[in-house]
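As written, the chain order gives the labels A, B, C, D, E and F, with residue 1 at the start of each chain.
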Amino acid sequence: MNDILGICRRNIVRAPREAVERLARFGVATVHEAMGRVGLARPVLHPIYPGAHACGTAVTVLLQPGDNWMMHVAAEQIQPGDIVVAACTTDNADGFFGDLLATSYRARGCVGLVIDGGVRDVRDLREMAFPVFARAAHARGTVKATLGSVNVPVVCAGALVNPGDVVIADDDGVVVVPAADAAAVADAAAKREANEHAKRARLAAGELGLDIYDMRGPLAKAGLRYID
Amino acid sequence: MNDILGICRRNIVRAPREAVERLARFGVATVHEAMGRVGLARPVLHPIYPGAHACGTAVTVLLQPGDNWMMHVAAEQIQPGDIVVAACTTDNADGFFGDLLATSYRARGCVGLVIDGGVRDVRDLREMAFPVFARAAHARGTVKATLGSVNVPVVCAGALVNPGDVVIADDDGVVVVPAADAAAVADAAAKREANEHAKRARLAAGELGLDIYDMRGPLAKAGLRYID
Amino acid sequence: MNDILGICRRNIVRAPREAVERLARFGVATVHEAMGRVGLARPVLHPIYPGAHACGTAVTVLLQPGDNWMMHVAAEQIQPGDIVVAACTTDNADGFFGDLLATSYRARGCVGLVIDGGVRDVRDLREMAFPVFARAAHARGTVKATLGSVNVPVVCAGALVNPGDVVIADDDGVVVVPAADAAAVADAAAKREANEHAKRARLAAGELGLDIYDMRGPLAKAGLRYID
Amino acid sequence: MNDILGICRRNIVRAPREAVERLARFGVATVHEAMGRVGLARPVLHPIYPGAHACGTAVTVLLQPGDNWMMHVAAEQIQPGDIVVAACTTDNADGFFGDLLATSYRARGCVGLVIDGGVRDVRDLREMAFPVFARAAHARGTVKATLGSVNVPVVCAGALVNPGDVVIADDDGVVVVPAADAAAVADAAAKREANEHAKRARLAAGELGLDIYDMRGPLAKAGLRYID
Amino acid sequence: MNDILGICRRNIVRAPREAVERLARFGVATVHEAMGRVGLARPVLHPIYPGAHACGTAVTVLLQPGDNWMMHVAAEQIQPGDIVVAACTTDNADGFFGDLLATSYRARGCVGLVIDGGVRDVRDLREMAFPVFARAAHARGTVKATLGSVNVPVVCAGALVNPGDVVIADDDGVVVVPAADAAAVADAAAKREANEHAKRARLAAGELGLDIYDMRGPLAKAGLRYID
Amino acid sequence: MNDILGICRRNIVRAPREAVERLARFGVATVHEAMGRVGLARPVLHPIYPGAHACGTAVTVLLQPGDNWMMHVAAEQIQPGDIVVAACTTDNADGFFGDLLATSYRARGCVGLVIDGGVRDVRDLREMAFPVFARAAHARGTVKATLGSVNVPVVCAGALVNPGDVVIADDDGVVVVPAADAAAVADAAAKREANEHAKRARLAAGELGLDIYDMRGPLAKAGLRYID
């Protein structure tokens, strides 16, 4: 059987840099729609400061509860433009990450952290403008005793993340784009945004979505009754 | 039997504009107290930015899970000064509302949104200063396939809201004032606030609530024992 | 049997002022680590504004659900430099505290509030820069009918707090330092912070925690396998 | 303004007995469907023993947190065939009800209790086979100090209940049938159940819902692709 | 400073056996009332089978997340009539306890387990009729790597438990009686139950609590209005 | 980009029948340990009756919120010995499954259902002894309007499930064994259980885990201090 604990994979296939850069221009909602409404994490990960935004290629971490050993192992695997995505083998909100690790990660070129767990030193992280999306802010310290893994597939807040995938996070949540789809999703997102631009102007002018999207017929067919 | 799904009511009786404007000057806590400590939603709806505040007459929406069709039907019913209050037939935190709908709602004169569900494009909404009170920020997209209703009585986060009621929302939560009570509640709120003004000065000067509110007698009677 | 309801203790032994002042310089995470990784409340109490920070000697309150009578009894017991720590006999998020009590507490020299319950008038509290750490923002009003206690040991969000203990709260949570340990913990925190300062510089320069903390040997011994 | 606290209404219009008896034969899911998929409470109220079932006309109670005074006021209003439906002005799971009240309620002809709060003496209630649907089992005692109301409209776990409505509860949850709709809903439920009977036999014989409900066409039209 | 981790205390003062046996005859609700409405854990610990009941003197355990080492250390400290009460330094629902530990504990004379964490092998535990009150049933395995403590004061689901205290658990929750109060609480519980016995008969005969407890006067004084 | 919505895969590779039958003899905890402590779903899925147990090869379903169309599409893909594992694109506890679908599934040879959502007709399912592990019991009805998928990889309550994997569920939770690992895991589980058998006898005889597992040395080395 394939072990998935006790492993650190060094060579991963990252999504093409060019596609990542294009994806970084879009919000999570746009990318999620461009993917056909999939790829989202559950809405349990929150930015530690409003307006936090990150887009990078995933270095994944599988943590054990109350143990942040693998966060250090992951540091060595970070390349510029990477985002670290940490999951845990069980629900745990301990403070796996703080300002020292953020300093280290940033020195390696890391653009942010998505973690289904807790973080601490939130004030420092905010002052560093290091974007973190976490389940909780919690001072609780961790040990370094039990192996997890680095760069294995992980499920983070309900989203499957493979090493090298593009992960985008903002106030609206976290979305995962498989590395192989990055360019196509960036294309679709650009198209969607262009389309929305025109819609926004019409809506701002007072036109109704009912008319712009031709909803009146389908609503009537579905049986909507207007009552005075 | 009375159907409550598949309906859009066009003519609703809104609370008098003058009363709404007076109520807009008070916070949610003051209005709740002025009503005799009723009318509050459960504390599960949060402003998408600190300091958000809205007060308007309710256009109500009953949503189906994962479906925001009725948000578009509601847009047409909005009159200047309205606040949209959206409930769902079941617990669901999908992103029913985003910057396009906000653009449309604002163009119609809508002053805010209270929704027992999710919203997205939170950064845009914040930049627009469009006050939204929601259960979650979530990029999750929705379909337009199943009818709910517009302008029927709804239960939103545990609070009963009838179309035309005054709904006030701020950092402290959401309160609902029945349309017929709006003027009387505004009177009571004004009286309460005047009363609090005097109390605040005395408390700031170091006087104790124990004395201002004459609590020492009742506390002793209830059996409070002071121990050294 | 020892009654713990219906009591207000007037004479409590506060941690030495000098130790409190030293502890006030450290964040919650540092103090928690300095104590040997104990003393934390569960991560369910949140600052009502980002960056809120408070450190003081605890005046404790045991509340009854929906009843804030004891918050007034506590006011009289506050001495300059105290922080009020309020627990409740059962889970309840009503608005036990608002701007009037904050005005009173501040006038008495109170430096902040930690409450396993709700607070209201959040906008005013924020403008006053009165640091509050609470379970919820909730306008819900309370009565004054049933006795709790003041200055008895309480369990607040899972943390045992004795009157006079040092309580420190910031974005990372709430930590409790027993009064007798305050000086020793301040010493340990200072030592820890000095140590972290040096580490931060090395990490910022790109050195890895794997090397700084000599983790490679233990990781190999635990069986970590690197895969290419 | 209409007060809704401090009231006990004595004369309420109960749904016709005959309709209640017919509704009692159906499960909650069937009645909910027969109503057009409305009327359900949120799934936070659980039977205190598996298989508990109750159907009656609602005597409603509005409780204050930690206070069960109104449960006693309600007792006097119970008529044979009534079910008591208790809501609270705020979230609270204290033990508002136990074996003594159950003894009293049963003596008055009460057929069950639905409560958005806690109950205690669960073992006794189970042995009495008194059906209770509650948010929690919790020994926590309550006081008798603050007025709520009896027989006012209440929102219980998200469902609006008027006094006299038919309330049905079983393992699947709690559904509310407006008194005026009781007969029509009973008719619709009977029709639905007859229809399901025939379906069940065909499904048991191995026929597929895809064919019985003619779904293949709509699925294809929606774009479902079969892949080998 | 006093360390509270890494300790196993061997000599603890257990509540008198005679008082424990008397307390074992009462339910949790009765004991909680007899104590003056204190001593309860939060209602987050559930019996793993209906009707589970346990009463014993506490051997306490402080666990680390994902680590059940201390459960083994505790086994040696168990004396006949003890109940093990396990808390964790942080929220964690891993399966700290299963049928092997239950076999061991029972062999030592342990009468049950209260744990603010998860347990597994639930079917076996049920068949053994070993009463367990836990936060979750969860198969998740644990390691043996980090020290907690045995027989230190712990906060378990919000309740402070000292080694030797009497802990009683049933369907209504978990209550803690300080060792020194055990006899007095047993007396008060007996008195309360005798009193309830008489009340039950009167209520069963149809008499109202309103009359038995003389509530009509206080209700009228509080302002209750009866409406027809 | 690879679409994962709107697909029904007909040919899937199921784990070998022989391995499935061997795995069916073990509990979830044993299998989870045999896999090296991975493969578990989060403890949010509960059996609808105590003692429910199921082991089969997974037919996976990806549902849309409030929509059970795909449950019917899945029915046709069921082969004898399969277990249906249903996830949803977002958190939703509606009643996706009831006695009619259970009748249909059983007729096709289905051995159980694991669903990150709600089910209804719980009393009927219990009487049928159809094992279901669900997030909630909820009567809430669903529509058939939006495509999800059948037999694509899904994340169910945090666990990744591929079609054909072995899924085992009991009172302790849900574990997923990749199809390719089924035989090896069955071997490891058998070995583990044999080993536990011997341990159980020694523990029942009063021997301590401290001695059986040679923990005293490591505990001392970790610094455990015994205090009298």
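The rule is simple: a residue touches a chain if its C-beta (ideal position, glycine included) is under 8 Å from a C-beta of that chain, and two chains touch if they have at least 3 such contacts.
Bear in mind that the values here come from a model prediction, so they are computed numbers and not experimental data.
Among the remaining chains, those touching chain C as well as chain E are A, D. Any chain bridging chain D and chain E, meaning touching each of them, is among C, F; the list is complete. Both copies, chain B and chain F, contribute mostly matching positions to the interface they share, with over half of the numbers common to the two.
In summary, the interface at C-E recurs among the listed pairs D-E, B-C or B-D; the equivalent pair, sharing over half of its contacts by residue number, is B-D.
If you average the CA atoms of chain B and of chain E, the two centres end up 41 Å from each other.
Inter-chain centre distance (chain A to chain F, centres taken as mean C-alpha positions): 27 Å. For this pair, chain D with chain F, the centres built from the Cα atoms lie 31 Å apart. The set of chain B residues touching two or more other chains comprises 37, 40, 89-91, 93, 138, 140, 146. Pairs of chains meeting the touch criterion: A-B, A-C, A-E, A-F, B-C, B-D, B-F, C-D, C-E, D-E, D-F, E-F.
For chain D in complex with chain F, the residues that touch the partner chain are 27-29, 32-33, 37, 40, 43, 50-51, 170-173, 175, 196, 199-200, 203-206, 208-210, 213, 215, 218-219, 222-228.
Interface residues of chain A facing chain E in the complex, by the touch rule stated above, are 64-67, 89-94, 138, 140, 143, 145-146. By the touch rule above, chain A contacts chain F in their complex via residues 1-5, 35-38, 40, 42, 89-91, 153, 155, 158-160, 178, 180-181, 184-185, 188.
Residues of chain B that touch chain A in their complex: 6-11, 49, 69, 72-73, 75-76, 93, 95, 98-101, 103-104, 106-108, 118, 120-123, 126, 136-141, 144, 146-147.
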